[in-house]
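In what follows, subunit A forms one complex with subunit B and a second complex with subunit C.
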Partner chain A sequence: MKTTPRNYAKALAALLKTQPVTAELVQNFVKILRKSHQEKMLNRIVNIAEQILIEENGEIKVDVISASEMTEKNIADLGKMIESATNLKPLISYKVDKGLKGGVKLRVKDYMIDASVSGKIEMMKRSFES
Partner chain B sequence: MSESSSNIIGLLKKQLLDFKTQASTEEVGTVIEAGDGVVRATGLSNAKSAELLEFQNGTLGWALNLEEDTVGAVILGESEGIKEGDTVKSTGRILSVPVGDQLIGRVVNALGQALDGKGAIQSDKYYPVEKIAPGVMFRKSVDRPVQTGLRAIDAMIPIGRGQRELIIGDRQTGKTAIAVDAIINQKGEDMICIYVAIGQKESKIAKIVTELEKHGSMDYTIIVMAGASHPASLQFLAPYSGCAMAEYFLDKGKDVLIVYDDLSKHANSYRQISLLLKRPPGREAFPGDIFYLHSRLLERACCIDKQFGGGSITALPVIETQAGDLSAYIPTNVISITDGQIFLEADLFYKGIRPAINVGLSVSRVGSAAQIKAMKKIAGKMRLELAQYRELAVFAQFGSDLDAGTKKQLDRGARLTEILKQGQYVTTPVEMQVAIIYAVTTGLTDDVTVDEIQKFMEEMFKYLKTSHSKVMTELKEKKELIPEVESALKHAIEDFKIVNKKS
Partner chain C sequence: MELIEKLGIDWKLIIAQIINFGIVLFLLYKFAYKPVLSALDKRKNMIEKGVNDAKKSEELLAEIENMKERALNSVKEKTAEMMAEAAKEASSMKQEMLAEAHNEAKKAIDKAKTEMEAQKQSMLKEAKSDIGRMIVAATTKILEREFSESDQKRLMEDAAKEIANVI
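Coming up: the complex of A and B.
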């Protein structure tokens, strides 16, 4: 039976909890993937493993897309808001997208919370069309 | 400011004030693979099967593969502009197409978008493309005919309203011609027609549209087009979209004739999508559910009982065979689903027998239940005479001395074969069909040579239409050869023979 990327990721996450990332570990892991012709899945496996480790550490990854530069205070306030809502420590990464016109978009796992001006204009457009 | 513009402004103000400005939450995923019309995305953990997805550039996708960590979707449109890393979101909707009377006379794609340049399709009603077929209790048996206007079909392989009759044959044997003639003959028959073109050349479809417009058939026809240059996803979707449009009219108690041209290309497009989605290939590399692809489509053709609204959908699926092989995978699948087949042979076509129908291999499982009484009375005799003719013709090739009775039978059979030949786009009303078949089977044309019977028939039609229109109208209305109508018809044909001899 073919091993799925999630299974590889679980194994990798379990390994990384007990030992540090070394060149030998990475080399052996890639060898295993190459043996089962799944080296193309490496990126996906690493992403899933990262997700697993983050969840096990009681953390949550949050991607913030903002229309303008955010100050450290803004980020900290946002982090507190997310922590109080989820009871998980947020790992915030953010980027600026002027196309949003204003407001922010938050990507948390499989959800996108759209509080941007461009999103609201789009909603308004759809509301008029319907 | 006029009253209407102040009303509009008032409505807009109200909409703006009612508009809620809270943040929206959407379920999203990330594209990890995109190409060849299919996409793999991570995330979308709550995506449902056949759910509509929306990509970052506004293109829609259809979730078909739900795997452990990924969702495989087909792109409903062009795949340019979709790349790895793009966000894709769930819409929470299943795929639907616009339906309604405004689609009649239009050429649309598999998503119901206009392709004929006559403006966008405005519709407030949408029907799902995938729907469970009506149950047994809603149906009734097929008992009303669909007159195709083709003498060979209406007499010997009759099609009823609510039936599925397969048109099968090699390339260039006249399959589409039969379907188009059937559509043309529905003028004035209170039938909506839908022609679904799957993987066809766009020049061919343009020609069909032109012919339908010339005969006034576009007044009751919808063309759903997923041509050869369209993505496989749209070719796969087209028959279901056409069926959804047909179901709108069915729900209103109307009769619909839908042509799927052709399901071989439909199967090929589904194979392409399935292989790209890495579904395991089966026989001839088709996926395991290739039968279900067609069975669930064709089961939606039905005849609904009057107490549930009446109406019917008659399906004419088309299948292209290779070298006349009826036992290939897809042909056998569709033959087992449909209520009969019209088998076209290349040999007959090249011999000049057009439509090139092999009467021996063709069948209508509904049979005479789908014929008017007048046709039922005379068609049985014709079928028998043709079968006897085919047997005798084989022996006659070897024998030179034939008795008078055998010669007479051979000539009668040859005349019947001649009258079943028909030109393209030239349909015959049912009352005229009854007249000519009656004339030949009762011996009224025994003094007409085989070479002259075609001309005799054409002249007889003109004569009966002009000089004995009352008889033909009565036959058309009563649909039965009662003694008075039969004797009036016999008298009319004998009159014509006298007039024809003089000229």
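Coming up: the complex of A and C.
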């Protein structure tokens, strides 16, 4: 049975909890991935492993894309909302994309949550086209 | 004998006359009676033959008439049969042609209906798409103009709630 990227990520996270990141550790891990022809999944596996480690600390990594600059209060408010919904402390990083026209997009793990105006308009467009 | 002589009868003359009569009778018989009889027989035969021929001709004529009648009847029957057959075939052909014409008409109507439906759907789709584009354009303009802090907050809340569904 083929090992999934999530399983590799779990193994990597378990490894990282017991020992520091060294060049040898990284090389060995890449070798294993190459053997099973999954070296292209390295970035994804590392991201999932990072997420697993963060979650184990009761935290969650959230990438926020906003249509306008967010004030510290905005970020704090969003953090509170996420914490209230997930019971996890969010580690928020954000960038601005004026193309969104309003609202936000949140990337959590492998998921992209689109609560932007451009996303809503796009959905509306698709519903008219279908 | 004396009486005969007294009466002036000459035996010799009588005998000569008898002989003459016999000769005349013979000659008449030979040259007149027989040819006449023969001619009469011939005539009789000819007449009989003529009568027979006439009878035969009549019979033949009757036979011919019968044959003609039979042939005519046969022709009539055949003609009637052929006419009936032709009428039947014509009726069958008519039915087939009618059925075919009906099918063709139905196909044409169905095709026209399908085409009309496709056109209608296409027009509806186009209209829907046009209306959609207008609505989207209008909504975009309104949102760009009217989008407020409270809208931003509501969208952030929605996004935060959705995180709970995906993790």
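The rule is simple: the second predicted complex is superposed on the first by the 103 of 130 C-alpha atoms of A that agree within 3 Å, B and C clash if a C-alpha of one lies under 4 Å from a C-alpha of the other, contacts with A are read in each partner's own complex, and residues count from 1 in each chain.
Just so we're on the same page, contacts are C-beta pairs under 8 Å (C-beta built on N, C-alpha and C of every residue); 3 or more make two chains touch, one makes a residue touch a chain.
Just so we're clear, the structure is a prediction, and the values are computed from it rather than from any experiment.
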Subunit B versus subunit C as contact partner of A:60, first or second or both or neither: second
Touched partner set for A:48, first subunit B, second subunit C, both or neither: first
Touched partner set for A:85, first subunit B, second subunit C, both or neither: second
Partner chain in contact with A:111 - subunit B first, subunit C second, else both or neither: both
Which of subunit B and subunit C A:124 touches, first, second, both or neither: both
Contacts of A:10 with subunit B and subunit C, given as first, second, both or neither: neither
Broader residue contact with subunit A after superposition on the shared chain, subunit B or subunit C: C
Overlap of the subunit B and subunit C footprints on subunit A, listed as residue numbers: 109, 111, 113, 115, 124, 127-128
Footprint of subunit A on subunit C - complex, ascending: 128-129, 131-133, 135-136, 139-140, 143-144, 147, 151-153, 155-164, 166-167
Subunit A - residues contacting subunit C, complex: 60, 62, 67-68, 74, 77-78, 81-82, 84-86, 88, 101-106, 108-109, 111, 113, 115-117, 121, 124-125, 127-129
Subunit A-facing residues of subunit B, complex: 15-16, 19, 21, 23-29, 32, 42-46, 68-69, 87, 89
Residue ranges of subunit A in contact with subunit B within the complex: 4-6, 44, 47-48, 107, 109-115, 119-120, 123-124, 127-128
